[in-house]
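Next come the structures, one after another.
Each of the next two complexes has subunit A plus one other chain: subunit B in the first, subunit C in the second.
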Partner chain A sequence: MSKKINIKKRYLALFLIPGFTLVAIFVISPIIGTFIISFETPSGFGLSNYYSVITQTSPTKALVLLNDMPRPPPWGALIHNLVWTAIHLPTTTFLGLVLAYLLRRVYGRSIVKSIMFIGMVIPMVVGGLIIRFMFDKFIGIVPNLCGLIGLTWLDKSWTSYPDTALLALIIGSVWLWTGFSLTIHAAAIDSLPKTYIEAAKIDGASDWQIFWKIIVPSVRAATLTVIVMTMLWDLKIFDIVYAATKGGPGGASTVLAFVMWLYFALDLDYGKAAAVAVILTLLTLIPAAIYIRQVMKRG
Partner chain B sequence: MASVRLESVVKRFGKVVAVNNVSLEIRDKEFFILLGPSGCGKTTTLRLIAGLEYPDSGRIYIDDRDVTFLEPKDRDIAMVFQNYALYPHMTVFQNIAFPLLLRRKKLGLTKDDIKKRVLEVARLLRIEELLHRKPGQLSGGQQQRVALARALIRRPKVWLMDEPLSNLDALLRLVMRAELKRLQKELGITTIYVTHDQAEALSMADRIAVMNKGRVIQVGTPDEVYLKPKHVFVGTFIGAPPMNVVKCKIEDHDGRLILSCPGFEREFPPGITPKKLPRTKEVVLGIRPEFIEVTDKPEPGTIKGKILVVEPLGSETILNININPEGEETIIKAKLPKLTKKYSAGETIYLKIDWSKVAVFDAETGFALT
Partner chain C sequence: MRLSRAVSKVAAYIVIAVIITAIVTGSAVYLAMREHMPTHTVTTTIYKTTTQTQTQTQTTASPTGPTVTLMVYGPWAGDEAKYFQAVINAYEKLHPNVKIKYVTMRAEDLAAAMPIQFAAHTSPADVIFTPWAWWIVKMAQKGYVEDLSNVINANEYIPSIVKKVEWDGKLWAAPFTMWLKPGFWYRKSFFEKYGLQPPKTWQDFLNLLDKLKKIPGIKNPIVSGDSTGWPLSDIVEHFIITFGGPQLQLDLISGKVKFNDPKVKEIFEKYLIPLIKNGDFSPPIEWTTAVQLWWDEKYGLYFMGTWITGMVKDPNDLAFFTLPGCKGIVGGADYAFVPKYAPHLQEALDFIKFVATKGQEIHAAQPSGKIPTWLKADPNKIWGPMKQVYMTVKEKGLEILPDLDDSVGGDWQKLFWDQLKLLWVNPDKLDQVLNTLAQQFPYKQTSS
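And then the complex of A and B:
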């Protein structure tokens, strides 16, 4: 019996080798390489890359820049990422869930869902460009609407001013990413037996109570997926920033990935770029760990 | 408690008429069953009463209050679904308490009141030990009880049940049948119950409405629908095995009416005198399998037949008999409680039919002539 299993195991290893080799060459080795480079300095190995990246005070490359608060951005790329997540994550998650619930009875909902999903399908660079147009003083819908309802101080090109650039990107990313939350939640709601909602109706629940007491807890697994994927997306965000503001004006909308790109592509300082990359990777491990733990819990 | 009345209710889904001009009167404290094959409109009728659908025309009354377009929550009803619809994220306690929690303020209940009521209902249904569990950890029968408890907790005017036993295994279904009937009688809640299982309907109902193709074909007590079907559909849908149907012609032989059937002839009427004769002179005889006896030798009035299949069922035996061995095969099933002799396929036997219990239907319309 055990001999049989051993043979099986040997075969298993044989089949694993090609896949594992590819992963090792193209995924694991670059990660290890980056990790090593992040410690390489002109004077040998050390932590100086990390030190100078973290203590950097130039607004375009700083990770944390919180002196003289409160004041408008720049606050440093890491803070921008965190602010981004703090606004974008709850908004898209909740908006997608509410829309999925409301659209469930709407005729032609698949068309609406498809339109919402376009934000996810288009290249993010194009998305960034659209955001720039959306917030333009002359052709943008947002500044014009703000002007119409009397918010004249917002009737300007948002991406050109440090106090509004980051906000414009965040709001724009809500618009781009809500389709994801909507699609995942709509699928989860569609897969619930219709009788849950009907039973709740007969039990006396209002639409709002059905939403909070039945729908939200029933689609928890889907919501967790949305939260984790959105957190990862918020941390990794680069292309929107690149296309819409280039981190500007004056570093008011930089993010970690963008700072990494600056070190790498403009300064050709690979050590510091690698240090930012490692920091970014460590941060993305947090949502990944949450997700893995939840999945393991559910067995 | 309450009575329920439906007046000429029509419900269409696109071009399909799901419920076609249904009028029903369900009495206070009655166990009323809507019976029919799948797609006959029985569940839609129940959903109309529940308020999960609204009719295209007609009115629905509960206790003489017009509820036709009221929201489900304003009708004072409770419903048990086929899949039980227990909320998987709530414990059994929370599931049962849910209808009360939603109305807590309106009813002026404290948390202790709710707890007391849940325990009371749980005791009644013998699920006290399960209160802290989640529905996923319960067996089908236990889930069924929890669903019943949730439907009971509010002490609704009307209990609606959509095939609540069909997800249970056969043995448990028998147990729950009796239990449900006892519970309904004890509590005296007007109950409307949907099923496609004729045995369930016969064993539980005070009255049955047999439905087909969106229409109510017959309303009556289990005995009435079983023994006096108003339509050939009712006869063939109810009973296991169902009523035998034999298509015959009425022929005029010098003023004497003769019933000419495949394999035999007989004077018309065969039993009870019909009110009128069918237009086409064609009738369908409905013979219940248990009103047939068999003998080995011909006697006056017996019909000759050849056994095709013998189905022993323990307490009874069902014989499949071809009564027209010379012509087009016409099969009749006979249900025999005690067999004095062991029959086998291929044997020739003689059928003795209790003609006083044979139903005669118009072959064209299907409606009973008697």
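And then the complex of A and C:
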């Protein structure tokens, strides 16, 4: 029996070759090329591109700007990415899980889910523009709401001010990405045997207890998928920033991918762009590794 | 069993072969790219003047023959695109075998997307229009642009405009029509309604702002346009030219004077910052939305280029004033160039020749808010309201100066815009903004 499985595996490997070949040519080789270019300097090979991008002090391209802290952004693209992840990741994950749980008994939940999922379907550039308008003093819902409830210091165009630009993008991205978390969690909750919840109810458990003691542990695998995918999305974020703030004002909302784009497309400095790309890739490898490990564990 | 072992061996060999192929391909891609990578020794020669005798050559596309579709990329959208369409229509009428497809692409997007295309020895466009002369020269230095020295005669254009696209003794782009950034626009009817007058002194200007503030419905006296940041830079340049003189504008462009120089700082501290702090400027508002708000009398004044004349309901109700004492205004042109890898090179060159000459007359006759840079163009054909603006500029003897950020260009231009957006909402950061602009200025490039 096991020999048969081995033979099957070997044949499977053979069938994987065409796909692997394409991946090797179109994914792996450009990665290798980028890696090599990141070490290319006018005088040969070296670490000067890395040194230069890490020590950069221009607010639009700095990765880390920690002078005179604490103060409003700019803090540097890398810090902005980390702040983004720190706020966006738990908010999106938790919001998606809670909504999935609450919506499971609501009439017309499919429509609500579809509406929530729109954020995932629309192009991110469009999402960025919507965020810009959403936080605009004149036509945006958020500043106007803030003004109505007496938060006058927030009744302004959020994307125009350094203290609120990054926050506007993060809040906007929560709206865009929650649909993903909701869909994954809803599917996981739907797949749970109803008897779990029914039994808990018979035992007198409250909705709150069912949520924390049964739902949350049962959908752990789905939550991990959401966490990892969200982390990857947060690290790679570009379109929203480009469309809504262009990294400004004063570099207050730059992110790694945007800095890479600046080096690549505006400066035509491929070496430094490649260095930022490598840093970004290394960072994205962390959640990717967690995910792959988890998948292999499950497999 | 043997078969399966053989299969697995073959599979292993193939996987190894694929990995080796990937490495080889990766290295090949790298080596191929290396050929096109910038050397970082490029020097900008915006102000290099070349004296050369131009000779016109025949680059005319046959009006008969197979139909060709030219792809033309330009920055105009909406009504502005409509005015450019008139030029296209005129050309197509003369050349029935040429169809022109116009695609809107802003200068920032062109600068982001095209170099990658050019590096791959391809171009999606036959002719490209952009106001960024520095970028065209940069592309020419990389060998991506067709030399136009023998297509149009450089001596037939406004010298300060044409020299921006000259490099290495050659002409790399054809100047198209020109805009001016003459000052603060206002509605004549609005000023009449409230008994307001254009200011003659700085104190008059401050009094005008105070009067505007008191008018019911006025949010701020001056609306600040926002997009990527250029409308704010136009205001700043106007203050620099007014209070520092035209030479200061030129010295800042060339890098002779730094942004944190005391005389620059004084202009900001004494004139601009108090206005921002006093709420005389609105927070940055998307610039086309701002046009409507200003026209609807939510704001009294708007600093904008002459293209605004083509964006309002009644251009005859428009008037402008410069800050009192101003001796110069910023002016600039759009440029058309042909990428070396244009799919229809001959037809593209012929189109360039047309737009740079008769095409300018046609464009300036539209409500485009532009004037020709071609000295042989008939001034009587300029659209009425724009002609009026041009005559006022001439009467006042205002010197036409290059745009600061468009001249410096590159990454600094983006930084400049971004820092001014910061300053507008946080005027207390003046020192930080000026120091950042001074530190990041590409001195080596422009001082050579």
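Here is the rule we use: the second predicted complex is superposed on the first by the 281 of 299 C-alpha atoms of A that agree within 3 Å, B and C clash if a C-alpha of one lies under 4 Å from a C-alpha of the other, contacts with A are read in each partner's own complex, and residues count from 1 in each chain.
We adopt the following convention: a contact is a pair of C-beta atoms (placed from the backbone, for glycine too) under 8 Å apart; a residue touches a chain by one contact, two chains touch by 3 or more.
Remember, it's a predicted structure, so these values are computed and weren't measured experimentally.
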Quick one: is A:Ile214 in contact with subunit B, with subunit C, with both, or with neither? Answer first, second, both or neither. first
Have a look at where A:Pro249 lands relative to subunit B and subunit C in the superposition and call it first, second, both or neither. second
Based on the superposed arrangement, let me know which partner A:Ile28 touches: subunit B (first), subunit C (second), both, or neither? second
A:Ala205 in the overlay: touching subunit B, subunit C, both, or neither? Say first, second, both or neither. first
With both complexes superposed on chain A, which partner does A:Pro193 reach: first (subunit B), second (subunit C), both or neither? first
Looking at A:Ile7, would you say it contacts subunit B, subunit C, both, or neither? Reply first, second, both or neither. second
Between subunit B and subunit C, which one contacts more residues of subunit A in the superposed model? C
Could you look at A:Leu266 and tell me whether it touches subunit B, subunit C, both or neither (first, second, both, neither)? second
Would you tell me which residues of subunit C are touching subunit A in their complex? 1, 4, 7-8, 10-11, 14-15, 18-19, 21-23, 25-27, 29-30, 33-34, 37-41, 111-113, 115-116, 138, 226, 228-229, 283-286, 289, 293, 410-411, 414-415, 417-419, 421-422, 424-426, 429, 433, 436, 439-440
Residues on subunit B engaged by subunit A in the complex (per definition of touch): 50-52, 71-73, 77-79, 81-83, 85, 87-90, 98-99, 102-103, 150, 154
Touching subunit C in the complex, subunit A uses residues 3, 6-7, 10-11, 13-14, 17, 20-21, 24-25, 28-33, 36-37, 40, 42, 57-61, 136-138, 156-157, 160-162, 246-252, 261-262, 265-271
Subunit A to subunit B touching residues, read off their complex: 193, 195-196, 198-205, 209, 213-214, 217-218, 220
